[in-house]
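What follows is a group of structures, each given as structure tokens.
Heads up, the next two complexes both have chain A, just with different partners, chain B and then chain C.
Moving on, here comes the complex of A and B:
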């Protein structure tokens, strides 16, 4: 049994340990922090062991694999393994789960139930990233999806019931496409020789007939693309993120949207590369539109969370855009963007939650001059904003640069025009980020009640500092990440 | 000198701008430091303390001597040091235009007089354009606010809220309406179910006989 399954077992244990806590806030917090810290340590250990294995010369595609036959009749296995990209995603998830726990320090009502659903959500997320079997992957995706409905619908703000229902139904719709695609892959792999399998590595070796690929690539890509906020299926994102509580927004925008990007890469593009090449123009158009559309939509918003949600649509669209470029540089950029945007948007939502908890408003017209009132939170907000618009020295620049260099390597007009269009989104991002920063942090204080607000508490500072350190270190030393994922991209056909 | 050899028009423009620089610098100098003190100051102006004047003196001294540094030894397009020499004809021309600029500024601004107003009146449109910074800022703000914000962002946000969201809401309304309309089929009456069962069986039998 591989130690990777600990990623799923620890949150399960957390879930169980929450039960005897009753309403003891101290006990609840202890279990949550202990579990999240364990997961963080585990992900660091995994990274270390992975890098050690790779430098020892182990070039197997997936490391630390383990396979248990689950349902023999349908050839469903519980199969786990990681490669560089999965390790990066596991790191991301652990950091965000850890900081999310601190961002929900004072969650009420029903904090125990909140953390229990949160643990269930993390089971789904971790299981998705370590899965090598397609069926298990989709299973964990559903496990990650269902808690969202309750987390947003019960603990959210604003139009929470509407947003929760819309988010869940749309993502369920996406998963319907996903399941169709996965089943299609399963049946077409075994069509010729009877070797039905859900295992991704075996499917990649055998290949899928091109006629089947042409049907199932769009289905799978759209299925995962709904989660990755591809236009026009992105509309669950603004309302969902805005209504969700802080830690849930952090986890959702930071990690769950990356499930979409990861799935698109692992399942849609890696297993069906010929169809990806043929049909990439359709999806490049859609993702290119979402990059620009999200950015322009963000300019008009007046609610901090909506601005950030549309920004997430734009950045996650960029991830899918880069994956569709089907070359090594762009895909490296896509994975780095997943990591960078995940951390950056988690930071943003954490800060917005903290600001909202103090000013009780998210409307940018009602806030001003907060830099003097809450300097720590304001400076962190500025740093998050700079990371979002791709300032060199922070992670956003590194990932966007890699994506655009990779995209521009295509010499034909179509790809180049779309690359230029996507690059222009950086300017639009700068517009809405800096406008908001200027409006709410600088200038005069709009509401005299805001003049007496407190700055961040220790647990909030911890969450924010951890995220900033991660963003800055990727920005200043990105080769750690690119070395991690480099070995996993050799199997990708270079177009 | 490079401009003089390469393209005379560019040289002419740069030459004129050198004169303008001398002119406006000395205009500023005379306006601020010369003339009568007729302005009411909130805070009586006084000499700056040493921590301000010493850096200024230092920078001024540097400005005087930096011109003599042979830059060609250190900085060149191909990394090799090249010797520069002064082309006296062009150097004296540029000193000349500088002096002319200073002279004009002195005549117009050293003492308060009406010459500046007369000049401004003589070239009213040019004066107005220069005063308004050639309306560059207004142009950029127009592009940003009226074009990008109003003509692009607002429709995009409207489209997202009403068309795309609207379509999703339509799907849900449709589902709800359809389910409300067909609710009556679940009547709970055994007779209705028996009737449906009987009719269904008849239809299947007829179809099997016919086909």
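Moving on, here comes the complex of A and C:
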């Protein structure tokens, strides 16, 4: 059994350890921090080992694989392994789980239950990223989704019941498409030779007949695309994010939406490249709309969380957009964008949660001059904003730059036009980011109650600093990411 | 006299012994000793269940009248587990004043219906099948009307009776056509003679409709909601799992064994039946506020999923069907266990009464939630695995469109299952159900259900075994 299974086992142990904690806040925090720290260390170790293996010349597609036959009759395996993209995603998840724990330091009510669901969510997320077998992938996908219902429904704010139900049902709808796609892949691969398999590596080797690809590519792409907030299936995202508690918004926008992009790439595009080439124009149009629509949507919002939720639609749309460009540069950019958006949006939601915890409002019209009251949070907000609008030196710039360079490599009119349209989203991003920053951070203090608010506490600072450091490091040293994932992209035969 | 015929009927014999011991005990024991019928009944049935799991010979006896294949033996074992859970859960209800004096009768009736189902499952001849069906139906009506002084229960009993008789009549009509055309009732002879003539198709349809009533597939489901609501909760649990499971298996076995040459015809019929059953069951379930009615419609739509793998007509389909029945028994028993525990203590069975249940009775709420997740097919509960296997079995036969419709329907079903979860965990309530403690039987049975729901999916051995013993067309 590979050590990768620890990524599932540790959250599972956390889940069990929370049970005897009752409502002892100290014990709960200890377990949560210990578990999250272990996961963070584990993902750093994984990254290190992965890079060491790669530099030692190991060019296998998946490293650290292990394979256990689970259901022999259906050839279902519990099969794990990582390539560069999964390692990057594991790293991202660990950072966000770690900071998420600190962002929900004073969880109330029912802290134990909150962290138990949170652990279950982590099990799903980690399990998804280490899966090589399509069945376990679907399994972990749904494990990650269902805790969202209760996390939003119980601990959320605003129209939480409506949002929780909408989010769960839409994402489960996505998984319905996905399951059909997975079954289609399974049977069309095995139809000729009887070698049924859910293993992605074997499927990629055998190849899927083009007639089957034409049917099942759109199904899987839409299935994962729902989670990646692809237009017109993005409507769960603003409501869900706005109603969710801070740590859940962080994890959801930061990691869970990446499940969509990752799945679109790994399952839909990598396994069915011919159909991807044929049909990419349809989905490019849809994701292009996501990018622009999300950005325009953000301009009109008054609630801080809605602004970031729409901005997530736009940025995650860019991930899918880049994946559909089907070339190496753009895909590298897509992975970078996943990392960058994950960190950035987690930072945003953490900060919004902290500000909301103090001002008890998220309406930008009711806030102003916060820079004077809480300088630390405000400066961090500005940094997050600048990362979001693509300031060089921060992660947003490198990822968007790579994506657009990759997209512009296509010489035909269609791709060029869509690239230009997507590029224009950067300008719109600047509009909504600067508008919010100017409105809530600068100017006079709107509400005199806000004048006496405190700045961030130590645990909040810790979460924020970790995220900012990660954003800056990607911005300053982007070749780390591209080195990590390069080996995984060149082996794919899609371009 | 050749005893080897009877050796094959080990399970029936063992059940008969338990039945006779209990009926005699109930008759002869003193007033004081009769109180112990609950532990004695449960223990005897436990012994019977364990005994049935012991390996036994397979084959046919009475020149093909009775069949004891591996699949038949195992479906009976699975039903035994369900009945055991139900008997344990019924302790609280049977200890009540109103029905306490006739708790012995409840055991006797339950075991009698179970005996009928055994015969249905193991029949190799339509006469035996019909005897089994009637033995299962008539005492069932008495069980449904067990609280006869309550209008609902008596009404439900009458409705059940009428439907049972009506469906039996239709089924018998089908059988008489079959006999008229073929001149035999033995499955093996019929299978050899069967040709898709219009008379044979007519016979098959009438026969199947009789069973569709039992399984409560749309459009033969109209009795379900009223009967489920009116019957005592434990009887509803029995009706929705054991009775349904036995009927599904009997239908599957007969379609595979007898009507194999008409697979094309029944395939087409089942296709449409599944489509409307799943969809209508779901649509009606969304609007229910009474939890028993709610689970009635949910069980209608669940029956559609079970039939989906029956339709596949392969060994894989049969394995998926049996596995689905197993998981479904555990899920529904858990759900009805919680409902029955709460109903016994407080008499409340509306969804609105469950608001805020987690605050006062967290353990019950969690079990109910896991049962709902399992019914909705959410991992890591066993329901996800059973649904996935059903879809796989159907997709293996190329039924992608129907699988897609069924998958979309799981979303609808998830909506109403989540409504229960929402009531228990999210909605606040000024006067939630007060904290209470159930009796030991109920606790044990719920714990068994919980363990089953969590572990059944992860232990692949059961499904593997079922695949090995299953047979296709």
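To be clear about the criterion, the second predicted complex is superposed on the first by the 492 of 495 C-alpha atoms of A that agree within 3 Å, B and C clash if a C-alpha of one lies under 4 Å from a C-alpha of the other, contacts with A are read in each partner's own complex, and residues count from 1 in each chain.
The definition used in the following text is that a residue touches a chain if its C-beta (ideal position, glycine included) is under 8 Å from a C-beta of that chain, and two chains touch if they have at least 3 such contacts.
These numbers come from a predicted model, not from an experiment.
In the superposed model, A:232 lies in contact with chain B only, and not with chain C.
In the superposition on chain A, A:357 makes contact with neither chain B nor chain C.
Residue contacts after overlaying the shared chain place A:166 against chain B, while chain C stays out of touching range.
Contacts of A:443 after superposition on the shared chain: neither chain B nor chain C is touched. Partner contacting the larger number of chain A residues, of chain B and chain C: C. Of the two partner chains, chain C is the only one touched by A:149; chain B is not.
In the superposition on chain A, contact of A:300 is made with chain B only, not with chain C.
Once the two complexes are overlaid on the shared chain, A:187 sits against chain C while remaining clear of chain B. By the touch criterion stated above, A:375 is placed in contact with neither chain B nor chain C. Within chain A, the residues touching chain B in one complex and chain C in the other are 165, 169. Those residues of chain A that touch chain C in the complex are listed here as 70-74, 76, 135, 138-140, 142-143, 146, 149-150, 153-154, 160-161, 164-165, 168-169, 172-173, 176-177, 179-180, 183-184, 186-187.
Residues of chain B that touch chain A in their complex: 144, 148-149, 152-154, 156-157, 160, 164-165, 168, 172. Those residues of chain A lying in contact with chain B across their complex are 165-166, 169-170, 232, 235, 238-239, 293, 296-297, 299-301, 428, 431.
Here chain C touches chain A in the complex through residues 316, 319, 373, 378-380, 384, 388-389, 391-392, 395-396, 398, 400, 403-404, 407-408, 410-411, 414-415, 418, 421-422, 425-427, 460, 463-464, 467, going by the rule given at the top.
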